[in-house]
Amino acid sequence: MLKVGVVGASGYVGGETLRLLVNHPDVEISMVTSRQHVGEYLHRIQPSLKGFTDLTFSELDYDKLTDKCDVVFTAVPHGTATEIVKALYDRGIKIIDLSADYRLHNQEAYDKWYGWEHPHPDYLAKSVFGVPELHREQIKKAQLVSCPGCMAVTSMLALAPLIRNDIIDTEHIIVDSKIGSSGAGSGSGTAHAMRAGVIRPYKPAKHRHTGEIEQELSEIAGKKIRVSMSPHAVDVVRGILCTNHTFLKKDIEEKELWKLYRQAYGEEKFIRLIRDKKGLYKFPDPKFLVGSNFCDIGFDIDEDNNRLIAMSASDNLMKGAAGSAIQNMNVMCGFDEMDGLRYTPLTPV
Amino acid sequence: MLKVGVVGASGYVGGETLRLLVNHPDVEISMVTSRQHVGEYLHRIQPSLKGFTDLTFSELDYDKLTDKCDVVFTAVPHGTATEIVKALYDRGIKIIDLSADYRLHNQEAYDKWYGWEHPHPDYLAKSVFGVPELHREQIKKAQLVSCPGCMAVTSMLALAPLIRNDIIDTEHIIVDSKIGSSGAGSGSGTAHAMRAGVIRPYKPAKHRHTGEIEQELSEIAGKKIRVSMSPHAVDVVRGILCTNHTFLKKDIEEKELWKLYRQAYGEEKFIRLIRDKKGLYKFPDPKFLVGSNFCDIGFDIDEDNNRLIAMSASDNLMKGAAGSAIQNMNVMCGFDEMDGLRYTPLTPV
Amino acid sequence: MLKVGVVGASGYVGGETLRLLVNHPDVEISMVTSRQHVGEYLHRIQPSLKGFTDLTFSELDYDKLTDKCDVVFTAVPHGTATEIVKALYDRGIKIIDLSADYRLHNQEAYDKWYGWEHPHPDYLAKSVFGVPELHREQIKKAQLVSCPGCMAVTSMLALAPLIRNDIIDTEHIIVDSKIGSSGAGSGSGTAHAMRAGVIRPYKPAKHRHTGEIEQELSEIAGKKIRVSMSPHAVDVVRGILCTNHTFLKKDIEEKELWKLYRQAYGEEKFIRLIRDKKGLYKFPDPKFLVGSNFCDIGFDIDEDNNRLIAMSASDNLMKGAAGSAIQNMNVMCGFDEMDGLRYTPLTPV
Amino acid sequence: MLKVGVVGASGYVGGETLRLLVNHPDVEISMVTSRQHVGEYLHRIQPSLKGFTDLTFSELDYDKLTDKCDVVFTAVPHGTATEIVKALYDRGIKIIDLSADYRLHNQEAYDKWYGWEHPHPDYLAKSVFGVPELHREQIKKAQLVSCPGCMAVTSMLALAPLIRNDIIDTEHIIVDSKIGSSGAGSGSGTAHAMRAGVIRPYKPAKHRHTGEIEQELSEIAGKKIRVSMSPHAVDVVRGILCTNHTFLKKDIEEKELWKLYRQAYGEEKFIRLIRDKKGLYKFPDPKFLVGSNFCDIGFDIDEDNNRLIAMSASDNLMKGAAGSAIQNMNVMCGFDEMDGLRYTPLTPV
């Protein structure tokens, strides 16, 4: 059994990671840390785990972590993982980082998107961007994998095949995303009365996840790709929909597009192509993904404007965070990629 | 006191129109009709009106309507108003139509967007498109006013000044809209368990409201304007947000843009320009508009992509339907335009 | 025009009071205070008021308040109104207090239900409990009126006629109430992700509002009445339902019960008796009361157990707070009791 | 591998049963039926199963079911299972019925609670009431198990230990329950706009589940027990809270009560006793149970009134339906009772 630790286990992402780990067939949880809750039972802070574990929170202690764990998940707020990840890396341990601190490949990108100087820029190159559908071979060999931002991974999975096949106008890529309240993290949520019923634009320009999307798409394209992203808060707890508005460079038939997507993802276990003319589920909708690790992708064509609307949906705590983390662990450790992730979506919920 | 009638008073839009009329200082309600509920008390079908009126539903009878009413609101489903409006028009009565049946100016547009042949195309020219902010002078003199679609009016109010001042690339106008469940009408809603928590794309291409937006913007531009519209269902009951993604033709400063909007709407009572760097309300959000007749407009600039994100929000049953209808009545009948519409938004709700 | 002030205008209750005041035909708002927001525009904190007022927040200054206002509403947190109310009272001004600080008639009750000693117990007798349906004549003459707790007023209005007519077993009165998130106040709400979808018992025993209900029902009964109250948080923003489970002392016919309620409330403008065998609205439900000042009351009989289930619903920010406050002002100042409160519920919302 | 069939696989309960079955380690699904969807892929109607099964819907054919299946789940609407269950029973197959048709033990009970005459009253005695915590030994040997009503099982699990130990006044047992929209079934839900935000009493007296609770508690007590039940619809999709208000016959200490509950359920895998003075989870709340098979139970004492408030929560589609069905199958077939049910709740959701 692989021994794993979770640093920052009191938040939503840490809790979801633990939800998956307690039922994962190949691992045992050796240590969980949280600065504020040392000594407390895990299930008092993560009530859903009551009955599944008797673990208590420990202090963050690099030596103990290294001693007790083969793999450590770091689920701390952005900006606070830089030191933790480096310390663990230097001790030779495998790390799956759920913060943004090792996602971008260079220091300039942190300046631009986060507004702070990265203290360990030389470690950025050691980190693999944790999307197995794009970087599986690298992840297999990585010591440090950085999980993608929830909106970033959801959007880029829909856009990647379009960029790779060079069929869209790369000057006008618009990602209009909609996301639930758990995306804000457990430390910073708006009170229910002010958050319920919102359709609230936030950061209509310059959202940080833009940096990751551009990085990954540019790498695929072999040239600088710009993306226009605008996220919105809507009244769900879990769920992301990215409506990726693009313009086709030339006429292309619907069945050709499906072929491109099947080529890209036909073998992928966690990507489902959604296509139905009738029935309940014609286009991706995170309502039908809650609790699962899928990214559902579909599209529609607006011939009048030569527009291709590629839609992608996910559960932001799963494929958008903890699910991707476990998927990365499975790849890094040679497990079946679906181990511990065979959850159907919960419907209706 | 102006005597008014409401045809189709059992739905959400008819109910909202009546909610406004029972407290309107200048009118009395003479007659309400509903095929299914003849003889029933209005408040059994519209429980919020209990205590405000003892009216009962009548059958649709053109002569009685003409006899009893100075103005008639028609709030019947799309496609069923064509005959009713014509019959009332021929009797010389003023009509405010809340269906889509007289919004478009020509038969081809009905072919394209609705897929049916309009039975009275010669009456289309008699109808004024009911957005006072765009057509106030015509509405003053009109016998027939057709209220706009909820997403259409919300979007076009944000886009009109940009088109009028010719500052955006008209080849890449994307309207990504998000709307609540009351927009579906009382006859066709999805059950709660399947509708709660959705972020569901519907008609990502070719939505009918596109036709109205293109019609109005083309009229302003003096040339054919195309709009790429994609609506989404989200988990609110009332509310629309339109995120209008546009690309600037040339650099333009933020303060210049505010000036354009102030020029366009500075005198308008039902348009509020939203602009705050801190606080709760930085960008338009229908959460802060529930029950009011406002359309809130704001924008942000994405310099990296020369993108202007113009956002507009409204309550789809108010400015998007019944509120516009009352506003049109006020203009047509010479009342103060705010009469019966001085509602602050309800917050929080 | 009556000149009014609002102390503590930045919260939900203060905001709702102002929403009603800006459209009240008989008043003008002279002054609003908030410790944290001095100098700020009111509408930055209360965005729904944008376009309705240009007031800015002032510091709390008793002399200025006395100078500028005929009536002051105090909408500060429980425990912080004791001094403010006394200071204003001593200056001879009329006060409508929205906190709990002057609701209970004696010091022991504060010990028991709030756990603190009231600093001005001699002022408790000066305060009239602000439910016009129970104390209208006293309110007319009062200088200080204390508005009831939201669940307390909703429950007691359903129970009062049953107690007055001595038809229920007073040993087994159970008030099971359900309430929305705005009841928590703007300062203390749970984050959306943790509050959405709850059906959460809180204070199943010993909730503070019990004290008010017992006080008022005991006064009606002429003997000590005990009430077993258990509130629950549910996923709405506004709204209270009280399910008042009682046991009948002897058989009584349904029509007799309706007669008792009609006798009690037949003339009351803000109480609606709900009784329908079919249709949408068979029993009280706050869904159909949003934004209005009504308390809807209905009942059902469980013959098997001789149980009478008296149900009552309200909007907790209206009849449960700001609406009652305005109603009290109208009574105190000789205005029509419905002035500024002629709002139909907003449906659907 | 056990071969199972599901009759009525297109609804919420059938879908949830299939969600559990596709990942159950001991079974394979041989056949699913639905009158309306014969020939259709299962995942078009149950989109969450896409990727988990390629089954198509068959017609209901007793011979084929008997031929292909060891166990059949019947998940058809109440009143329509009477014939199906009898036909399968007569063919010697094991049946787990999710309708109400074989829950009550005698014909009079169907008259009283359902208002129809049971066509096969002699089969009622063959059916075991499917609550393993109460009838495990009988279920082991049963050919036909009838799963309990969702509110019934949730309530009775909290009340059973109190009745068994004879510590409460059995004349005043009040079950105030709150339930989500999925409880209505897929065929009969109210549209979102009218269901969102409700706190709606329905059947405040004489709800059908009362019959089951009384049957089971009376059996435990050895005398007729009456229960006063009142359900309410609230704005969640999944979840039930039962607030069971009872009055203690004599003083009893809190720790004694915990002891009784531990004695009753200490060994039970799907019952968790909830008791915390601080933290997020002090009392049962279905928010923290979504997707799991737990029934969480806790209580509070109201000394003023000698009232014991026993609270119980569950996911109505899991412990309240499909989860209980799988648990029953596990018991009937000698599997580990937790097989296929080791789901942590999904939090937050």
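Assorted remarks:
Labels A, B, C and D are assigned to the chains in the order they are written; within every chain, residues are numbered from 1.
Basically, contacts are C-beta pairs under 8 Å (C-beta built on N, C-alpha and C of every residue); 3 or more make two chains touch, one makes a residue touch a chain.
Please read these numbers as outputs of a predicted model, since none were measured by experiment.
Looking at subunit C and subunit D, the chains that touch each of them are A, B.
Fewest steps needed to get from subunit A to subunit C, stepping only to touching chains, is 1. The chain pair from A-C, B-D or A-B that repeats the C-D interface, sharing more than half of its contact pairs by residue number, is A-B. If you average the CA atoms of subunit B and of subunit D, the two centres end up 46 Å from each other. We define each chain's centre as the mean of its Cα atoms; on that basis subunit A and subunit D are separated by 36 Å.
Note: centroid distance subunit A to subunit B, computed from Cα atoms, is 38 Å. Counting partner chains per residue, subunit C has residues 12, 182, 193-194, 196-197, 235, 237, 280, 290, 348-349 touching two or more of them. Those residues of subunit B whose C-beta lies close enough to touch subunit A in the complex are 172, 174, 176, 178, 193-194, 196-202, 204-206, 226, 228, 230, 232, 234-237, 239-241, 243, 245, 247, 280, 283-287, 290, 300-305, 307, 309, 311, 313, 348-349.
Touching subunit D in their complex are the following residues of subunit B: 12, 180-182, 184, 186, 188-197, 235, 237.
Against subunit D, the residues of subunit A that register as touching in their complex are 12, 15, 19, 22-23, 44-52, 182, 237-238, 269, 272, 274, 276, 279-281, 288, 290-292, 294, 342-349.
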